[in-house]
Every structure is written in structure tokens, then in C-alpha cells.
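In what follows, chain A forms one complex with chain B and a second complex with chain C.
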Partner chain A sequence: MSHVDAVPLGLIAEEHVDALAAGATLLGSGGGGNVALAEQLVRHAVRRRPVVVRRADELAPDAHVVHVGVVGAPDVLAERLVDPHDMAVAAHAVAAQTGGRLDAVGIIEIGGLNGLAGVVAAAELGLPVVDGDLMGRAFPSINKTTMALAGGSAAPLSVVGPVGDTVVVTRSSAAAAERLLLTTAGAFGGAGALALYPTSAAKLTEVGIAGTLSACVALGSAFAGCPARQGAELAASLGGTFLFEGRVDEIRPRDGVLTGSITVTDRATGSAARVDLLEEFLAVTVDGITRACTPDVVVGIDPTSGVVLSSGQVRPGQMLSLLSLPALHHWPASAMGVVGPRAFGLDLELEGVLR
Partner chain B sequence: MNSAPRVADLLHDPVLDGTRVVAGAAGLERRVSDVHWYDGTFRKVADHLVVCDEAQASPPYRLEATVRRAQEAGAAALLVVAGPARPLLSTVRLADRLEIPVLWRESGSPGQLVLELTALVRAPEQVRARTIERLLRQLSSKRTGQDILTTAGSVLSATVTLMTSDGICILGDPVDVDPRLHLDQAVPQRGEHLLVHPVLDPQVNRLAAWLACPFERAADSRLDVLAVGLAMTEPFIRSWLSGQRAQADRDSVFRAQLVSEIVAGRDSVSRDVVEGAVSLGWRLPGWHVGIHVLSDAAVAVDRERIVDQLTAGLAGHGIELVASASRGNGWAMWITTDDEPAPEDARRLMRAVRLVTAALPREWSLTAGIGRPHRGPNGLAESLGEARDAADLARSHDFRPAVEHSDELGVARLLATWQRSDVTRAFAETALAPLRDAAHSHLLSTLHAYLESGGSAVLTAQALGVHRNTVTTRVQQIRDRLGVDLDDPSQRLALQVACRALGV
Partner chain C sequence: MTGLLRLGIDVGGTNTDAVLIDGQRVVAATKTSTTSDVTSGIVAAIADLETSSGFDPAQVSAVMIGTTHFINALVEGTRLTPTAAIRFGLPATSALPPLVDWPDRLRAVIGGHSYLCHGGHEYDGSQIADFDERELREVVDKALQAGARSFAVSSVFSPVNAEFELRAAQVIAEVAPGAPISLSHDIGRMGLLGRENATVINAALRDLADQVTTGLSQTVTSAGIAAPVFLSQNDGTLMDVDYARRYPVATFASGPTNSMRGAAFLSQQLDCAVVDVGGTTTDVGILQSGFPREASSDVAVAGVQTNFRMPDVLSVGIGGGSLVDGDAAAPLVGPQSVGYRLTEQALVFGGDRLTATDLAVAAGLADIGDRDRVAHLDAAFVRAALDGIGERMGEIVDRMRISADPVPVVAVGGGSILVPDELVGASSVMRPEHHAVANAIGAAIAEVGGEVDRVFSVSPGQREAVLDEARQEAVDRATAAGARPGSVRVVDIEEVPLAYLPGNATRIRVKAVGELSLGGDHHA
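Let's look at the complex of A and B:
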């Protein structure tokens, strides 16, 4: 079962918030930022007025969509509340560059914090949110989007700091956009509201990943509804693949752009799995054979508490269940240089990957 | 043809010094048929030792796939020249699970390693030839025993020790002697952790010492190299020993000193002493019979002549003197055998010494003592001591040459010797002549009984069955006839021996 084909949502109401947060966390693949604060913001916003959800093809073809979210260091974002108003300011700043119209809010990445941030921005702006995103999961770079692969530019883009400082980039190459965002966020104390990828609904219908917001909520509900927290059963109920379960024996932290790794050992069978990671879990290799790798979503769960763990929450000695979820988007082979393991500096043999 | 070395064997070879096993130790007994430089493929590497460099270990996750593929291709082991990288635990676990050894070293030229390992695995005879050539070339300029051992050790990348048959270290580091080795048999041997090669006495074909080389474990080819290396070293050690001996021969003081140190030190002789003894060809651990020779000639006799003639004479009887050294007023010599001498050997030796000394010029006035057989350095000291005592006794005889054996120094034997001696008998004939005729035989038996009872008239009367006064009367008659003072202990002793000699 694929959550891409989940029943489309018409609205995000209060009853969807838990599932949305759970789904976004799962799709974060161990990264994407902590959703707890954003979950509170969404809950607060939709309690007053639910957010309308529209697929891109349901919008007028010339409707203007701006993708809104947050940018910055995950640790800062986990602790500092981003003002929804800043997101609205950022969206308007981008819209002003493209003719002033703003008809709907797009979600940059459905995994992690930004999956919820788009909904928060839509609520703040009183606009519908597009049922879809540009990544189908969480990625650490703004260039790993279907829009960028289709040749679309992230600019004009805007970053708004916590006291309303607004940076607007009118033109940007793909390579510079990422660095501009990060340095700007750094200048704003580590995080800021972000708006970018202004586009038309017609273009979005063509290159966006449709239905991921509904899929995310469906995934979250499935997760909440599954009584089992043991890997194999959980994987089955989420439509994913169980990879490995064992005790965390060694953690080698990442070194800048060099991937880190976690060794998980199954004491019963003696087999060992290696999880390669940067911010996200990138690949799982069991006994020397890579079983899952990006762009698949790799989920790490503490089987005793049932909590989905981010890469930074894994501790030595802890039990860890690993499973993979199918990507919400079928990336073409030509995209592997952008979203595949090589894009993260991983040179893996992929014949064992379970797809 | 040697069978292929095992991974563990290669690990103990000097080529792989500084290499450790990081994983897959269970596979260390795998055999290695060849060495393969990893070029990105694992084609035809079955039973090969695959060597790869840092590129395969950095970033560390890369090694994991390499380990798996090496195992799938049937490689014997993986050697990673890793630089500062260290393997991931998951890689270690994988190799442990697959039981493929992963050998790890931080530095070294991988190309050089492949070359050396290939030679080691595929052409061990070439390695051996090269080692021997280096050994010969380097040993030829070495003069002292220590230099020879050090050089051999560094060329062979092993520890080489010179030791005695009982494991006492002479030169080099002490080694644990494997009790299963037969160090009494002069043939090269291989123990569990020790190779030994006999060093023969430079002059006679007999064991002088052992070259020993301990090893942890090693391939047959490596042990061959070590064994041949020891065999090559042995002549150098032998010639050094003979040089030592020539020097020692010039210095008899050295030997005398050595003997006195052995006598003083007994079992706790120092290494210097053992070394000196071995350089002289003395086999301290064997069985020793000491001989002490004295000369109280009026004119000083050349020591060398006496010793040479004694040595030559005894050799004629099949007895080989090990050495002689000045000791006190005479010369200490001894015979060493590997086995305990039989009792009849002692009589044979005694007879031989008697015959040989008798054949030497009488004016040398020789006396000799022979000790009993004893074992070890302590035994040598003991036997020499006994020989000296025996020689002192022999000297008390008034005939020359005189030889005594320590075994025969019992009181009865002493007395019997006196009684049987012609001097004693002549004295008895003369001194007791006045009582020898039939008319006075009762006086002779009374004298004998009187002396045997310690001069007690009462005891004498009881022994003879006569009255005490009769004894007193007879003793007075004896005093008158012999003209001796029976109160003088010397006179009493002389008469008692005389009585015994006449068999009264």
C-alpha cells in the first residue's frame, strides 16, 4: 500500500494534527527537524479555522503558489518559535517579486518540520495549502527538489529573521541559493522564515509531488493506529520494509560533509547493520549488503518506547528498529546524482537495495 | 615443497611487524596461496591474501563492502594499509561473522608489502637464500660472540641465544628450554617454541653448547630460514669459542681462577664462569671425577711436563682428562662423562693412574688422589675436594708414587693399608722379634690383648682367662724384653699396628 494514493484531504483540522506531525516525523528519515513546536503552531492555527487543502490541479492553472517554510539549524529550530507572521511576510516578499499575487501556499518538504510549517503559513495567510511538496520526504538541501531538477529556480526567495529583518534574493543560481540561505539564517541567529520557489499551479501540477500532504496524514494515522512497535509488524502496517533490529554498539558522528555511521548488532544472530547518516539516515547496510538508501525514507524507532528517533537521538546501548518507507516520489535515474547516495558522498553497492 | 603458509604464520613473520588483526580472528588458520593487490576487482583471488590501501578504508564504511566481496570471492584474508583510519564496528562484526581475517597496519608501502609477501608465500626459498646471504656477509666481520649473536638475531629478526645443555644462558637473553628437547643429543631440534642447534667443540666432535632461537609460531618456510640461519651461525660461534680457548690456554691463571670460582661458587656459578668454562670446552653439567696430583720433588718439576705426560699416559688407557689447573700445592684435573660412571670405572681409573704415575720418573715424587664421581658444577667442586684429601693421604705414605682413591679412605681401609705395607711389616718383624720365638709366644698374645683392650690389665686378664697379676707380670716382662715405653701413645700405636700386621 502506498500512502501516495491516500484519500485526499479537503481540510487540515484539529483531528489531523497528530497524524500530520507523526507522518512528517516518519518522512523526515531521521532528520528534517523536530516537529514538536510546529505541531503546537498548527494545532493553535487550525483550532480557529481549518486550513483548506487543494491539489495543484484543483487550483486555477495560473494561480500563484509560493513555497513557505523555515530554514536554519535544527537545534535552533527545535527550540525557537518561528513567528507565523514572519512566514507570511516572507511569502508576500516573494509574491511581490512575481507580480504581487499569492493564491496558495506550497510545502517545500513534507518530511520533518517544514511539512507542518507550510500548513502554519497557509493558516496565517488564510490561503489554501497545496496537497503536495517538492521532495516527498526531507532533504538537507534546498536544491534536492523536483522543481530544481525540472530547471526551476528557487529565486526569487526571501528569508525573514525573528525581528522582521527581510532578505529578498531576486535571482540566484542553484549552487548559490543554498549558501545564501544558510548564511542568512546564520545572520539571523540560526533560523528564519523562508519563502521560495514561486510558481504557477499549472507548473506545480507538472513537476510537484502531488498528494503528499494527504499521504503524510495517512501515514501518521497508520502509525498511530498500529499497536505494534516491533519492526516487522510496524513496517507491514506502514507499507514499508523491515530492515533490522538490534542494539546500538557504536556511533561514529559525521565529520562535516563526511558521513557518520551507527553500528547496530543483533545479539541473537550476530549480524550487524551499519546506518550511514548525515542529518538524515541515508542508508542501511546489513552484513555488508546495502538494503535501503536515499531517496528511500529510513526510519529509526526505539522498539521499547515506540518513539521515532532522529539521527541525533540515537544513543549507544539503545535498541533500534530500522525500517524503510517507499519514497513518495519515484525519482528518475537521472536524479540519483542529486538525491541518491552519491549526492551525500556515499559510494555504495546498490544491488541489494530492496525497492 | 612446503605447504602454503597460514595467515597466522605470515603475521608472525617480520615482514608483517606492526600489523594487527582487527577482525575475523577465527579465520587466522586459513592458508594463503598467493598475494593479490586489490585493484577494484575480486577476480581469481581464492585463497589469496588481498592487500588494499587507504582508499578502501577511508571513509571507513567503504571497507565493509570490500570485506564482504573478498569473502564472497574466497580470499584468505584482507590486509589494509590504513593510514590513520580505523574500521567501523559494523565492519569488524561483519568480518568476525564471515571469519575472514582483516589485518590492519597504519603505515608501510603497500607495493613493497605485496612484493615481500609474495616472495614469502610463493618463493620461500628465495627469501631463505637472501637471508643467508645477508647473514654470511654480516657475520664475516663479527669477532665477539655477542656480536655474532646480535647480528644473527637482527638478520633473522629473531632472538638468538647461546646456552649450555642444561639451559644456562651463556650469551644473549635467557630462553625457556622446552623439556621435550633432547639436549644431550647433538643434532638440530625443533621444540614447540624453540629451535636449537648444537655448537660442537672446536677440537673434538662433541657438544659444547647450544644455539637457541625462540619463536611464537611460524610457517614451515620461516622455521626453515631460522634453522638454516642457526646452522650458518654455528661455525662462527665455534671459531669464536676456539679463539677464546686459545687465549685461555695461554693463560693458565685464568683456568685456576675458574676452578676456584667453580669450587667456591658450587651450584650458583655466575654466567661469566659458565661462559669461560664453555670456552675451555669444560662440560660443567656432566659427571666429574676429580684427580689431584702433588709433587714433592726436591727440584721444581715443570708443571706442563707432568700434566702432559699424565694426560698422554691416561689417554693410553682410554681415559681423557678434561683439563688441569693449578690448585693449592698441586694440580687439579678431572674427567667428565655424560653418564654416571660405573663403580668398576673407579677401579679402572685408580689402576690406570697407578700405572701411569709408576711409569713416570721416580724423582718427581708424585702422589695422586682421586675423588668420587659427582654431577654438575657443584659435583666438580666436590670431587676435586675429595681428590685433594686423597692426595694428602697418599702423600703420607713413604713410598712414591702413591695414589689414593677417596672411596677407600675408611678407617679399616686405612689401617689395612698400613698393615699390608712392607714398611709396617718390616717394623713389626724387627720390633717384635724378641717375642717371636715359641717360648715367648704367650708374651706376644698378652701384648696384643693388652693393646687391643686399651692398656687395661683387668680386661686383658678377662680376655686371656688369667689372673690380673699374671698380666701385670707379663707386661713388665714385655717392657724388659722389647725395651719400649708402653705409656708412650706413639709406641703403643706402632706396636698395635705391628701386632695386627703379624696377624697375632
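Let's look at the complex of A and C:
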């Protein structure tokens, strides 16, 4: 079963929050920031009033959509928190550059914190949120979007700091956008509210990844509904593939943009798996054969507790269960230089990937 | 006797255990019932020890107490002090004010007084906003009028810079002299909401801590013991009674920690799995270098999210009181249990419920109660049920252990007879003497610790110097907490570069421990 074909949601209400958070955690592929923080914000927002969900093709073709979220260091967000008001300010700052209209909020990446941040921003602005996103998971760079691949610009974009400082970038090349975001977030103490990729609903219908918000909630519901949160049974109920379970032997941390890895071994069979990672898990190679790699989603689970682990939570010696979920988007072969393993400096035999 | 006796006391929900330790030797041990006032149970336990060992109270050099009293008060929502939660963070953080996700009932019990002030810091130590003393004075006045009697103060990035919390403490002390003040940088780690919640919990326990610590000190004194009194902390180290009066929240996870450390002491194993079999559950934890491995995720206590590090413990619903059903082909054990009514309801004690303890007696593993009352049990069924218990315990040990090699297993607790001599993943299974009072022993042997957990800026080439600085700070903190200078060693060091931040910001966490300084001579 594919969660892309999940029953479309009309609303995000309080009853959906648990599943939304669980789904976004899975689609974070081991990264994507602190979902628990955004979960609290969504819960409070939708308690006041549920957020209307619309697919891009249900909006007027000329409706103005701005994608909203947060950028920066998870540790800073954990201290300074996320202010929905700042996201609204950023969205308006971008809308002001494109004629002033703002009709709906888009989700930048459905995986991790930003999967929920778009819903929080929509609640703050009193606007519908688009049922879709631009990544189909979490990625560590703002250029790994369907919109960028289609030639769309992230700019005009805006970053807003905690005391209301607002930076607006009117034009930006794809290469500069990432650096501008990180530098600006750095100037704002390491994190900020973010709005970018302004577009029309018609354009978004064409290049966005439709239905991923509903898919995320469906995925989270399936996870919550699976009593045995491990192994093949869980993979099956999530529409994914069970890859490996074993004990973590070695963790080699990432070094900046150079990937790190986790080595997992199964004593009973002597098999070993390597998980390549940055903030997100990028690929799983079992006994020399790459079984899953980006843009597919890799999920790491602690089989003793059933908890989905972020890459930073994995510790030497613990049991780790690995599964993959199909990407929520069928990326064309031409996109592999951006979202495939080579984009992260991984030289994996793609032909060897078993699907 | 050497005059260096340590008295360890564990006040649990059901039992109060006490042990006397002389160096590496257990001199005497006892188990009595916990009383609602806590202290009379302790008086009874000490009297028991005097009767059985004839020890001289004047020979006791230190008293160590582990208690679940404070965490129970929070779980029950009783005996809590009306508390004001004041956070410095505006204009940031307002979307999630203090107490925002507390369970309604608990928030109501402590008064629900939540306030935001301007201020706090960024990770690099710069200010978010200036300190506004007038704003704070108004908040404190409002809180007092609303009935708050204890104050919890938090500030964004206070583990990096505690200035706002310290200045607030001065102002509060002026406006509300004598009111207890709890500051978040003294209590929790990085992560505002978890640290703040722990601070509010601490503040709400301050009146109770006053009563309990005073009661404990008086009880010990009236037993003729002049030695200092310490309480066990979450990480297995000690705090003196005055520190405990100010930081009661630091006792929350001391129960499982003491049990594991006691097991390590009794078995002389520093790296092992500890299987603690109680009446209803079996709890398995891992000791590394003598300290419990900590859980990787944060824990909620009574529905409140905190960022305490708790011991990583995995439980399975098998204990001495577990009900047994099924047949030899498919025996069923637990998770239902007769619990503390074991001595009325188990077959061997004249009851009519078949329990795991009855199986052990029938198989000849234990000789308690009336063996004849289980003679009718089918031997194949008994064997199959006990094998099933062993398999499930082995599974948990196998999941918890940290290396590919089998680990030594230490079995403790009243039901430890259910742990088979051979266990999957275990190199050996030990059932040390005095295992039933492992908690109290863990308290008695505890050391003193100091910890650093904050963000450092690590310039290129300066890594070693920064690590040294952090190590020294942890060692200094251990010494300040009462460790004997010279005995302090660093037991854990963790270094995590913060993602997506310039300036090489690195979160460094160092833990140091040392022997308790007892003032007088110390036999090495």
C-alpha cells in the first residue's frame, strides 16, 4: 500500500496531531529536527481552531502560496523555541514582494519539524495549508526540492529572528540561497523563522508533491496502530521494507558535509550493515549490497522500546532495527544528482539497489 | 569495627531496608515496612540492626538514604507547594509559556502561576533582551498575591549564561524574603522546556523537602548517630542533606540506580547486566564502569516532560507474584500478579492462586511456605513454565547488553530465584548474598559527583584546552559537593558539535565522581 494514496484530509484537528508527529518523525529519515517541540505548537494551535487542508489543485489557480518553516540548529530551537508569529511575519514579508496576496501556506519538507511547522504557520495566519510539500521527506539543504529542480527560485525569501529582525532576499541563485539562509540564521543566534518558494497554486499543482500531508498522517496512524513496533511486521504495516536488525558496533560521526556511518552487526548470521548519514540516514548497505538509499526514507528503530531514533540518539551497543519507506515522490533519474546518494558524496552502486 | 561504618537506608513504597557496611563487608542487613511518616520505619530499621549486630551508633561515619518519597508526592499530586514559574525569554518563547503542557490536575495543585519576562541569552552568550527589574518586581508581586510560596526561575540558554536567573534570585529574595527559589541552571540540562519543568517540580517540592530532610536528620540523631546524612541522587552519587533540602528533584531516579549499583558492589562486577526480580516485574539494566547506562530519550514524570537522564531499564511483567495459567504445551506467566499479597494468596502460603513462586517451590529451587501444597503440580508443566520465564528474561538481557560478548548477569530482588542459572547472552549468573537489600547497599556505597553540561566554543587547535577546562570544572564541582580531593576521577565525557552553527559551538558534558570525604581518617 502506498500512503501517497491516503484518504485526503480536509482538516488538521487535535485528533490528527499524534499521527502527524509520528509520520513526520518517520519521514525525517533520522533527521529533520525536534518534532516534539513543533508537536506542542500544533496541538495548541489546532485546539483553538482546526487548520483547513487543501490540495494545490483545489485552490484557485492564481492563489498565492508561500512555503513556511524554520531554519537553524536544533539545539537553539530547543532553548529559544519556535514562535508562530515570526513565521507569519516571514510569510507576509515574502508575500509583500510578490504583490501582497497570501492565500495559503505551503510545507517545505514533510519530514521532521518542518512538516509540522507549516501547519503551525497556517494556523497563525488563519489560512489553509496545502496538502503537499517540496521534498517528500527531510533533506539537509533547501535546494533539494521539486521546485528548485523545475527551475523555480527559493527567492523572494525571508528569515525572521526572535526579536522581529527581518531579512528579505529579493533574488537568489540556488547556490547562494543555502548559504544566505545559514548565515542569516547564524546572525539571529542560530535559528530563525523562514518563508520562501512563493508560487501560484497552478504552478504548485504542476511541480509540488501532492498529498504528502495526508500521507504523513496516514503513515503516523499506521505506525501507532502496529502493536509490534519492529522488524518485518512494522515495515509491512508502513508499506516499507525491513532491511536489517542487529547491534550497533561502531559510530563514525559526520564531519561537516562529509558523511558519517553506523555499523550494525547481526551476531547470529554474521551479517553486517552500514548506515551512511549526515543529520539524516542516507543509505543502508547490507553485506556490500545497498538495500536502500536516498531519496528513499530510512527509519531506525530501537526494537526494545519501539521508539523511532534520530541519528544523534543511536548509541554504541544498542539494538537497531532498520527499514526503508519508499520516497513519497517519484524523482526522475535527472534528479539523482541532487537527491540521490552522489549528491551526498556517497559512491554506491545504484544498480545494486534492491527494490 | 573500624569506626568507618556506613549506614545505608532505602525507603521504598513498601519496604524500608537498611544495611551496615564496613569497608567492603556487609555487617548487617534488615527489611522493615515503610511507614506513612517515613521516619518511624527508619527508626524500626535502625533498631533492628542494633539488635542483630550490636553495632555502636557512634561508630557510624555516614548515613546514606535513598527515597522515593519525592517522586511519589509528585505522582500523587499531594503535599506540593503553590509555585510561581517565571521564565526570562521574551520576546522569544511566548508561544509555549511555562506549565503549558502540564496535566491539568497537577497544574491546578501547584496554582498554575506562569509568567514571562524579557531577557535570556543566545547560545554565544549575547542577550536576547535587557534585564527589566521593574517587570520582574511586578511579576513577583502578582505571584505572591496569587498565593505562590515557592519560585522557579528559568532563562533561555541559562546553562551558557546564568546571569538572568541569578539576578532574579536577588530580587525575589528582597521582595519575598525566605521564599524558596529554584534556578534552572542548577537543575537541568540544555533544552528549555524540560529543564524548566524539572525546576518547577523542584520548587513545588521544597516545603516537603524541608520537612522530610529535617525529619531524617532528627531521626538519625535521635538514634544516637552523630554522622552526616546524605541522600542518593538520580545518577547514583550523593548529596548532603542541605543540598537535598534545596534540590529534592535530584532524588527521582535513585531507586533503580541504587539497586543496580548495590548489585555491582555485592557481585564485584563493574560491567554487567542487573536483573532485579520483584513481585510484579523484572527490571533489567546495564552497568558500565559501575554506573547505570542512561536512557537515550527524555522521560516524562507524572505526565510532565523533563530532561533528566534516567537509567535505561527494560521491564517485563514477570515477578515472584506473577499468576500462572495454561498447560505444559503453552504455559502462561504474568503480567497479572498478586503483588504484595503473595504471602496470603500464593498456594505455598495457603492461598488459592498459582504464582511463579509456587513454581519455584515445586521445582525445588526455593524452600518457602508449605511445599506439600504444590506437590500436586504436574512436573512437566512446572518445568515448561520456568523455562518460559528464563527464556523471556534471557531475551531482555540479550537486548540490553552492549557488546557482542556475553555479559555477567547479577540477579537481585525477592524473586531472583526465578532467574535460571543459564541465560541467553549471559556469561554467568550470580545471585549474591544480601541481594534482597541491594537498594540500601547501593545507597551506602555511593560516591560524590560533579557534572558539567553546556555549550563551549571550540576554536581550531583549542579542543584539548576546552576539554581540560570542562574536566576541571566537573572535578571542582565534585569536590565542592563533598568529594575528597585527590579521589575525584572523570567517568564520562561526551562531546557533540552543534549542527548548523558557526563558531564551532560544541556541547560538552563531563561527569566526575570521587570518594565521600568523611573528615576523619580514611582507610584506603
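Assume the second predicted complex is superposed on the first by the 353 of 355 C-alpha atoms of A that agree within 3 Å, B and C clash if a C-alpha of one lies under 4 Å from a C-alpha of the other, contacts with A are read in each partner's own complex, and residues count from 1 in each chain.
Please note the rule applied: contacts are C-beta pairs under 8 Å (C-beta built on N, C-alpha and C of every residue); 3 or more make two chains touch, one makes a residue touch a chain.
Because the structure is a prediction, the values reported are computed rather than measured.
Taken together through their common chain A, the two structures put chain B and chain C side by side without a clash.
When both complexes are overlaid on chain A, the residue A:I209 reaches neither chain B nor chain C.
By the touch criterion stated above, A:V94 is placed in contact with neither chain B nor chain C.
By the document's definition of touching, of the two partners only chain C reaches A:A185; chain B does not. Between chain B and chain C, it is C that contacts the larger number of residues in chain A. Once the two complexes are overlaid on the shared chain, A:A195 sits clear of chain B and of chain C alike.
With both structures placed on the common chain, the touch criterion links A:V17 to neither chain B nor chain C. Legend: residue contacts after superposition of the two complexes on their common chain; A:T265 is shown touching both chain B and chain C. In the superposition on chain A, no contact is made by A:A148 with either chain B or chain C.
Shared-chain residue A:Q40: touches chain C; no touch with chain B. By the document's definition of touching, of the two partners only chain B reaches A:R252; chain C does not. Remark: least CA distance from chain B to chain C after fitting both complexes onto chain A is 12 Å. With the contact threshold set out at the top, residues 249, 265 of chain A are in contact with chain B in one structure and with chain C in the other.
Chain A meets chain C in the complex at residues 36-37, 40-41, 44, 72-76, 78-85, 162-164, 182, 185-186, 189-190, 247, 249, 265, 267, 279, 302-305, 307, 309, 312-319. Residues 249-250, 252, 258-259, 261, 263-265, 270-274, 276, 285, 287-290, 345-349 of chain A are the ones touching chain B in the complex.
Against chain A, the residues of chain C that register as touching in their complex are 89, 91-96, 100-101, 120, 122-124, 126, 128-129, 156-157, 190-193, 296-297, 305, 314, 399-404, 455, 496, 498-502, 505, 507. Residues 59-62, 64-65, 67-69, 88-91, 93-94, 96-98 of chain B are the ones touching chain A in the complex.
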